[in-house]
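Listed below are the structures to be examined.
Below, subunit A partners subunit B and then partners subunit C, in two separate complexes.
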Partner chain A sequence: MSFSGSQTAGVADSVMIDPTLSVSFRARFVRRVLADKATIVAAVFLVILLLLATIGAPIVAALTGHGSNQQFFNGLTVNGVPLPPFSHEIANNGQPNPHGAFFILGTDRLGRDMLVRLLYGARATLAVGLGATAVALVIGLVLGMVAGYFGGVLDAVISRGIETAMAFPSMLFAIGLAAVLGAGLVNSIIVIALFSWYYPARIVRMAVRSLRGEQFVEAARSIGLGHITIMRRHLLPQLTAPLIVYATGVVALNILFEAGLSYLGLGVRPPTPDWGQMIADGVTSDLYRQQLWVALTPGLALVFTTVAFNQLGDGLRDAFAVRGSIR
Partner chain B sequence: MKFVARRLLIAVGQVLLVTLLAYVLFYVISDVTGASPAQRVAGHAATPAQVARVAHLLGTDKPIYTQYLDFLDHIVHGNFGYSFLQRQPVTQIILPAAGVSLSLILVAVVIWLTLAIPIGLISALRPRSFTDRSLMTGAQIAIATPVFWLAPILSYLLAFEPNQGRFLGISLGGSVNVFPIEGWISLTSNPWQWLHHLMLPGLALALGFTGFYARFVRALVLEQLDEDYVRTARAKGAGRRRVLRSHVGRVVAPSIITLLGLDLGAAVGSVLFVELVFGLPGLGFVAVNSIQNLDYPVTVGVVTFTGLLTVGAMTLSDFAVALLDPRVRRPTG
Partner chain C sequence: MSVEQHRNGRPALLDVSGLVKEFPVGRGLFGTGGVVHAVQGVSFSLSAGETLAVVGESGCGKSTLARCVLRLLVPTAGTITFEGIDITNAPPRQLRPLRRDAAMVFQDPFGSLNPRLRVASIVGEPLREARFGSKKEIEARVWELFTQVGLNPEHFSRFPHEFSGGQRQRIGIARALALHPKLLVCDEPVSALDVSAQAQILNLLADLRDQLDLSYLFITHNLDIVRRFCDRVLVMYLGRVMEISTVAELFAAPRHPYTAALLAATPIPNPRLTRARKRAPLTGDPASPLSPPPGCPFHPRCPRAQQRCHDEVPALTPDDGSHRFACHFPLEVATA
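Presenting the complex of A and B:
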């Protein structure tokens, strides 16, 4: 490769990109991303999902004329069972009414349009997944930097904290905390952030530790810069690539976490639609044994979204040439 | 010995941290947010004087640090308190439940290791081949599949439908009992039934971990195959199998054991959903019930107990690694 000469072997063991890469770096990054079809597919999927959640949901709601919490009296069979995908509402004679409302993904337990709820549900999933990751990133960044930069007792305490948090029965704790704090969007974000800060903290700590001995840090110290300034101005920019990579992976974990909480009724408050809650709706009532799709579609949406975030994280890791994995 | 002492000291610190968090979370925060333990026991209709008397009996009117020390003292003596609702010691609720959860985790660990290690090896030996790509795509999907969705789908496809005489909607011409739909049989009463009832829950729990471990094993092995010692061993005439087993395996095993130790805590989170779906009376089941009923002593008991198990698993796995890898035993600077 023509630009391989700009690489140095010295930082190959650390988690970050080579700081000496400059002009060729952006070109190489773009080239690597473009060569990685799976990552492009994942990125396109996520952009579409974001658009669907923000502007697509109200558009579909307007086109179908179905509200996200609107219960259709004729959206259930005469026995009160949800309608399968691609079905018309049931007329009073018990037969489908070809002129009545049409449900592309069928209806749920309460006769609500699954498609509209699925689209609106993406909002809660993305808001909590991204929001919690952002909060976790800030906590992890601060703690990881302090631990890696100052070392000593601070590092020992924070490191033991990270190790303990990693092996914690965090789901149990989170459920307990969510139950004590109460359900809701903001509370979900707080709870999930409290149980995901240690992924970025670990990465940042390792990265800062290996950067700490570099000459540019020494130089900054020798011209009289304070520790905070060094961390903010000189170390933080170096951490961008690994942080983007790991944050993407943490979003995937947190989306599943959020779905788990709302599956247990501790996420976003009903009737606000949410994927985890939609799955729970189909499962806990044992409805899925008659009508599998009530649990199937929100689960598939969840799987696709998580795969996409994971794939994007993997692709960015390869493109940034960041080493190591999230765990 | 120095290594053992150091590691045990860390474990003690972690136990203190876990118990402290559990205590603060459920007694202190709940006190602040309104649903205080004393209020909970005394009931909604209780007068403030009655609530105060209950608080005195429970000891929740003492300063927080005294409460926590009392709590620790009780735990050291094997006393996790009494359930608010069931009027029996928490240990009598937790211990049978722990047996169920540990059985489930055991079956799941066996399933995910027997699946993930061969998958990871096959992928690592033919990197970027079609087989590798397919297996790793499968792993990626397995990782992304939430267990609370996978468990009911598996139970529907492999237990419920065959029981109704169908599979994927196709008639089987009669009821086939491949797996029981739900329920728990203890190991001591019938070992075969025990395993039969745990296979499907174990599979549901194991699949996500299988994905993780397959990727992990692949990455580890791939890294090792580039090492000089592998080339040397091959040059000396050792067969591929022998190099993998005796050379690469020895290097890779400690990393897998460390990860297993760490994952027990993570597994407890998934265990909870599996237990709910398959009606297994384990720790997750107990935890969710007690949280919903605000039965704090049981919740704190379960969280503390799983915390102890988790720390114990981490410590044991570190000891196992130290036995396998002499470098770990050496004191680090």
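Presenting the complex of A and C:
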């Protein structure tokens, strides 16, 4: 048996393809991220925020000696108005007392240190934002994979479930649900996760549907791999990139969602500090007309955090992209 | 190598009888859609060490047939016997011998390898799944397989995208060979490759056949490959067997008009001969497998068709050991 190319048969084709292609996924990813300044800034900001929330908050509390829920009797002016940033507490004569407590970001309506509350508030905000996103991702991943992989009746049932969940006005319903379940960290996570699992489920379902038809899945079946093994080993690794991108974007939304719930008094239970609650404090009491900082400081923190997560999501999406310009 | 020898000397490795595969389509909320009749009663058997080609136009059910044989699809009707065991409706547990002794080589050298796994891991996957041995033993076997298919084992830890199409097809073949199979089902294994890579892969498959005593179920639409590589041919049209024969006999004297038309459509690498050749090209396209024509599926395009072809599905002629065909008005054997 011989064919035209028989001399070279059995010898490995020595042709190497385009060398730029031989760069591993990881190397290309790192190179693209490093070239993207805005994403680096966002990532650094978020890392600092995370550090401040976890270890920074107790350190600052210890250094200033101010507890997060500690009310300073002299932390308000004689008229009972919060102190502006960079001010000392008030002495009995109504003047600032240079030997008294110092408030870098001023005080709030109840004479509490804004800085310490802001840092502790980041804990609740991030915990709920990240926690709810994680729960939503797990639910979405499992349901989306099952629907996309098995198709048929399972897919029909899950898809209709997704559509039903999407049809609910989420904030309105969340408010109702939060009211029923009651305020609190875990309840906030449950409520928010319940209204953000369907987007990842849809993304995963679509991705798995298209991967399902790939020949390497068929190859895995012809080897005798079970469905669970195929999903875990052959499908899951291909889903991480879109899911990470999606998750970073959704963390921002969920943080806002949480702030919204807290703003309405349905988030973390007071007096535990929380950004949404702090904004509400500054706005509902009409303080913002004169004492702008009470609402503005947590407001800005929320804006920066949200923008940073969105920027990170955008940057990661670009970096994960298979094609597209290499910046 | 005549079929007689094979058939008499060695038992059938694979026996397919009356295989039917239908796919329901467009079944919506309201009412039922149609049914695609992908495979309609195909029977054949494959002896150990034999290479059977399955040829036909796109959409004639070749790939569906291959997938049923490997039980990637569950047949609608008929039986498939592999190594004497009925696997037609066997649950996954009882498919283990099939998974070990039969493997598939895919058409697309790009799509058939998971882009996220290193090639050593891809080739080692069947070994791990079958609990072949320790990590060391698996690695040694993968090394051996790389050498066997002509890959540099030093490229062990690369990703699929770092290889050319021909090299990837070798990786796919190495994976198929991992558990010392007896049957390789090749679904157009070279049609996605350029001509020189095609020749290399075909030579590799031929060498492996001799070294490892493999049987091939070889799906292709390239008759040149059939002539050079295969022992027997099964010609399919719209899910039915039109003709099944030894390669020599089929090419020398096709009995079915469809086979004759296929042979006449093969290009001859000689312009003078091409011009001299009498051709009666087929007109039209195969009917949709959603609604195959009554009677002989080929009759709307057949130059010899008569009323009987419309009324009655021609049965395959009895098994005389070498040449069978399904036609009411077969071509005469030219007496040379």
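We adopt the following convention: the second predicted complex is superposed on the first by the 296 of 327 C-alpha atoms of A that agree within 3 Å, B and C clash if a C-alpha of one lies under 4 Å from a C-alpha of the other, contacts with A are read in each partner's own complex, and residues count from 1 in each chain.
Note that in this section contacts are C-beta pairs under 8 Å (C-beta built on N, C-alpha and C of every residue); 3 or more make two chains touch, one makes a residue touch a chain.
Just so it is clear, the model here is predicted, and its values are computed rather than measured.
In the superposed model, A:F102 makes contact with neither subunit B nor subunit C. Looking at the shared chain after the overlay, A:L302 reaches subunit B, while subunit C stays out of its contact range.
Of the two partner chains, subunit C is the only one touched by A:A219; subunit B is not.
Once the two complexes are overlaid on the shared chain, A:F29 sits clear of subunit B and of subunit C alike. Contacts of A:Q238 after superposition: subunit C is touched, whereas subunit B is not reached. Residue contacts after overlaying the shared chain place A:F45 against neither subunit B nor subunit C. In the complex of the two chains, the subunit A residues touching subunit C come out as 1-6, 8-13, 15-17, 21-22, 24-25, 214-216, 218-226, 229, 234, 237-238. By the touch rule above, subunit C contacts subunit A in their complex via residues 67, 70, 72, 92, 95-96, 99-100, 103-104, 106-108, 111-117, 125-126, 129-130, 150-152, 158-159, 161-164, 166-167, 170, 172, 175, 195-200, 202-204, 206-207, 228-229. The touching residues of subunit A, counted against subunit B in their complex, run 160-161, 163-164, 166-173, 175-177, 179-182, 252, 256, 259-260, 263-264, 276, 279-280, 282-283, 288-289, 292, 295-296, 299, 302-303, 306-307, 310-311, 325, 327. Across the complex, subunit B meets subunit A through its residues 10, 13-14, 17-18, 21-22, 25-26, 29-30, 33, 35, 140-141, 143-146, 148-149, 152-153, 156, 160, 212, 215-216, 219, 259, 261-262, 264-266, 268-270, 272-273, 277, 284, 287-288, 291-292, 294, 299, 302-303, 306-307, 310-311, 313-314.
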